[in-house]
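Each of the next two complexes has chain A plus one more chain, namely chain B in the first and chain C in the second.
== the complex of A and B ==
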């Protein structure tokens, strides 16, 4: 039987800020105007009311650049030193169900044979606290790819915003006009794993038992959210249809627009391709892993000059087919969580939902 | 934390210049425990590191039965291989591996073997040839077809006499071009040996050729029948395209033809995504595939 708790925003803030005394707490926040999951610190505002961060949660486990080891030449001898990174226990707070699903997909890639020990250590050290998503954007289509925005099965703990009428005041002595905006917000909280349960137990100073009707009120809200997303796609049969569309003229057409900038791959929570490169200065250097993109010409370019994907047509086809066909064949799931980041960020409006619609033989309403 | 992407150090013990731009390096592990632990299958590859320059996937070119050392045969084509080419015996490289699936040495036991190689594509096959010749009782006849651009571009010429001396081995050589000989002049070319190609100096005694043209011009000379023959093939993609097509026409089945593919790789572990062909990672699922496994992949392989 799931136990439900309620917490208001000021108490949740106090709890999280208190936690930073002993561990890292990553929260949705903006730095220099860019929304990402950032380590909570004094002066950093938690983005309670913001939309899903531009930079996906994957970066907490698969960072944009990731040092692998250092090397140093001393008296003609070469020494390799591991990059000491003690992976500490931490909390990733505020990921949405779409990003939580993306972690389950990345687990398939970075686990298995030749598992990536750095990725796995970070995953193991991180408690996931997910938010039921009541901020769908016009480009969101998570429900079309099987993500339920109201729940993230991958998370240890769920936070769900309670509708206003089911929020009895939680012992606030301040007059309404003295409160921070949004401080009246309350969240229904429950654990989904043993680890999440222990975490909640450590936070009992901040949590109150859910009162009669609050769970039902949330469930009603959740049911209402089930079809709240503006963008709806029928994914039925898309993977199999794509098998027949490899030589379609659609790829050539789409690629005419593509700038090859790679933004779609960098903001994608499931894109996981990476490069390995060396940085050297004098007798010292560093080898690091960094995000790479199949949109780039040199992604497949070989030293001898041969390039199996010589034009944008092959490269854009690779991006969409990897997500919607190859990943399904390899790992049994579509590598798209419907977060809409690529749709929103693409400077030339290359849109994965357009591809899906066209493959289904439907019309693209907005064109 | 020790990670899979961190290389070990290996020492260069010997360098042999094969051609103008290709050399073979012999290596050993300075660490005795690593030396003892290192074993590989012919057709597998290592990621070789020049620290500060980068990494490149390079096939192992020696026979795994030789446990004192291992070799890589490298053509200078990019930053990493150029940096490797500047190293001398006593120098050190980083290495991680061996990676990938090599030639199916167990599955092809009891079969005749047809080796089809082009250019530096002979490198990953040299170890397979060595394994077959080391236990000839387990295999049938062996025919080696090797095509190079010119007699000067042939690699492993010092091996040819030994291969030829074996009663069950036939070695047939083609070159795309040779001084003074027109393509297609097969009979004339066959008559010429080292003297015509690269002089008669003993080190070059192996440099000769049977036909002028792509490696497929040797196909009419092949004696092996498709019925009980396994084909091991590696070379430029355009060569493999024509060679596979002609073998299929001759009655070989796609399942009997094994090819080794080349793609850009970063991790070698089936993670980084660079070598993907459809859902297949060349680094981990290959680089050796039966043609049946890759024939229907969405992206054109060759």
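== the complex of A and C ==
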């Protein structure tokens, strides 16, 4: 039976900061106004109340630029020296169910018979602590793509914010105005894996047993959050309809607006296309893996100059068919977790929800 | 829902242009998913003309899109605020699109609102999406001083986009000789030197080391999504040097050195050509203060060579057709850093 624990925000903060003595702890935080999962360090505020970070959790496993090896030519011989960073045990704290699902999807891509060893090593070394999401943005639609915002089955440990009234009054030595804002927040905590269980056991100094009614209070909140998201999409039959629409005029119409930049692909937690490139100076250089984007003109540019996706139409079609059709055929799930980052970030308001609506026969205007 | 007068005239004009076959497409705005976020629209059939809208949130620069129609010979119509018009003038001047193939639908622009700023000014909760914004989007006639939202009076200036606070060109340049005016021209705007260059001056006041740290910190955040370049209407090269897969002048690794090379190269390419539409900064997902860099260069150019001026309309050419006259003026225009002369001084020692 699941054991439930309760922790308040100051204790959780103390626990996480204590952990940084011996390992890396990644938390949602802002640096220069950019929200991302950053290594916790003195002076960095944990974004307890912030929105889902702009940059998704994928970067912790699949960094934008990932060095593979150095090469150097010496006396006619080519020396190759691996430079893969040492992977150490770490905690990724505060991912939401959407990003947790994205990792399950990326696992399919970077696992299997042709596993990406660096990705696998980073995944294996990382304990996932997920937050039940009580901060949906108006652009969120995770429930439409089958993600439950209140739980992340992929995580080792779950944190869920307790509703105010279920927190027993605690004797505090500090007057309310002396407390940090949010310090009264309490979280229901439970493990979902053996590894998560061991982690909680190591944090018993900070955790208290959940009291009568607290689990029920959370479950009630969670039930209330079902279908709480403002953006609702009907995904029924989208994949099959797309099978028939490779030559649809829709792609041309949508692509007229697309700028061909890479924002949607870079902020997408499931976009995983990459390139392998060299940085070379004279007789030496570095080979690295780096994010690429199907929106870019040179993504499919061949050495001879031929480009099988010569215009924005083919590129945009590839992006959406990959997410909604090819990925489903290959891995059995749509490659979209409904986080809404692309909806919020596209400079010309073109995103996957519009494609889904059009495929479903939705009206052009007011989609 | 009532339709404002500009929208009405826009729809009628678009319908006529498409019905008579004068243009193949009308580029304007239509309502998007969220209120206060209209999106660029490409209207090809007269019966779709009623999708077009004009309101106080139509900030995106549409000039960029004409570059997608370089191949072909049909005409296209573009809705143009001052900054769209200035960008079109540059594109024509760079000989990237002939004026003769454009139908310029000019709108006087009192400055465009930002949905997020409006929501903040009205104390609306989280983000810009509140349905209350729909009222503003529909009702705010261009030129209105303010409006009520969420029970609070919101002044236009509180919701204005930062680039609009700095605007000196609310109307398309006269040299463009617009084909249709959808509204009255907007009154002239005279931003203060502080509004124009206050942030530039603050950077100039820094020590070299401080300034270096400022830009290093900024450029190290860059994701290299290229939104700034792709949204920029004066980035009109057919093939960008930064995309050259053969030479890889710009390497694919995302690090400070490559990012700096990217941004400084782009800054020099748009120096003296930037029209100040602010699309780069608005699109940037990591908030790089790109217009500060471009305005620094514009400021230097203004100090060294005088204010950037559009060529005057070609007198007497109007009889031969406004478009031809405008084309002649714009294509002959010489703007700083856009022409190279063999005897240009190059004293760099």
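We take it that the second predicted complex is superposed on the first by the 355 of 367 C-alpha atoms of A that agree within 3 Å, B and C clash if a C-alpha of one lies under 4 Å from a C-alpha of the other, contacts with A are read in each partner's own complex, and residues count from 1 in each chain.
Convention: a residue touches a chain if its C-beta (ideal position, glycine included) is under 8 Å from a C-beta of that chain, and two chains touch if they have at least 3 such contacts.
Given the structure is predicted, the values throughout are model-derived calculations rather than measurements.
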Subject >> Fit or clash between chain C and chain B when superposed on chain A >> reply: fit
Original post:
Which angle, in steps of 10°, is spanned at chain A by chain B and chain C when each chain is reduced to its C-alpha centre?
Top reply: 80
**OP:** Could you say whether A:116 touches chain B, chain C, both of them, or neither, answering first, second, both or neither?
**Re:** first
Subject >> First, second, both or neither for A:301, with chain B first and chain C second >> reply: both
**OP:** Name the contact category of A:329: first (chain B only), second (chain C only), both, or neither.
**Re:** first
Original post:
Which holds for A:262: it touches chain B only (first), chain C only (second), both, or neither?
Top reply: second
Original post:
After lining up the shared chain so the two structures overlap, which partner does A:272 touch, if you call chain B first and chain C second: first, second, both or neither?
Top reply: first
Original post:
Once the shared chain is lined up, is A:85 touching chain B (first), chain C (second), both, or neither of them?
Top reply: first
Subject >> CA minimum distance (chain B, chain C), superposed complexes, angstrom >> reply: 6
Original post:
Which chain A residues lie in the overlap of the chain B contact set and the chain C contact set?
Top reply: 275, 277, 292, 301
**OP:** In the complex, go through chain B and note every residue touching chain A.
**Re:** 1-7, 9, 51-56, 75, 77-81, 92, 94, 237, 262-264, 266-267, 269-274, 276-279, 284, 298-299
Original post:
Which positions of chain A touch chain C when the two form their complex?
Top reply: 31-34, 54-55, 64-65, 137-139, 230, 253, 256-257, 259-263, 265-267, 275, 277, 279, 286, 288, 290-293, 296-298, 301, 312, 343, 345, 347-350, 353-354, 364-367
**OP:** Quick one: which bits of chain C touch chain A in the complex? Just the residue numbers, please.
**Re:** 30-34, 37, 39-42, 51, 60, 64-65, 68, 126-127, 129, 217-218, 221, 223-227, 229-231, 243, 245, 248, 251-255, 279, 282-283, 285-287
Original post:
Residues of chain A touching chain B in their complex?
Top reply: 68-69, 71, 73, 78, 80, 82, 84-85, 87, 109-110, 113-114, 116-118, 121, 243, 246, 272-278, 280, 285, 287, 289, 292, 294, 299-306, 308-309, 314, 318, 321-322, 325-327, 329-330
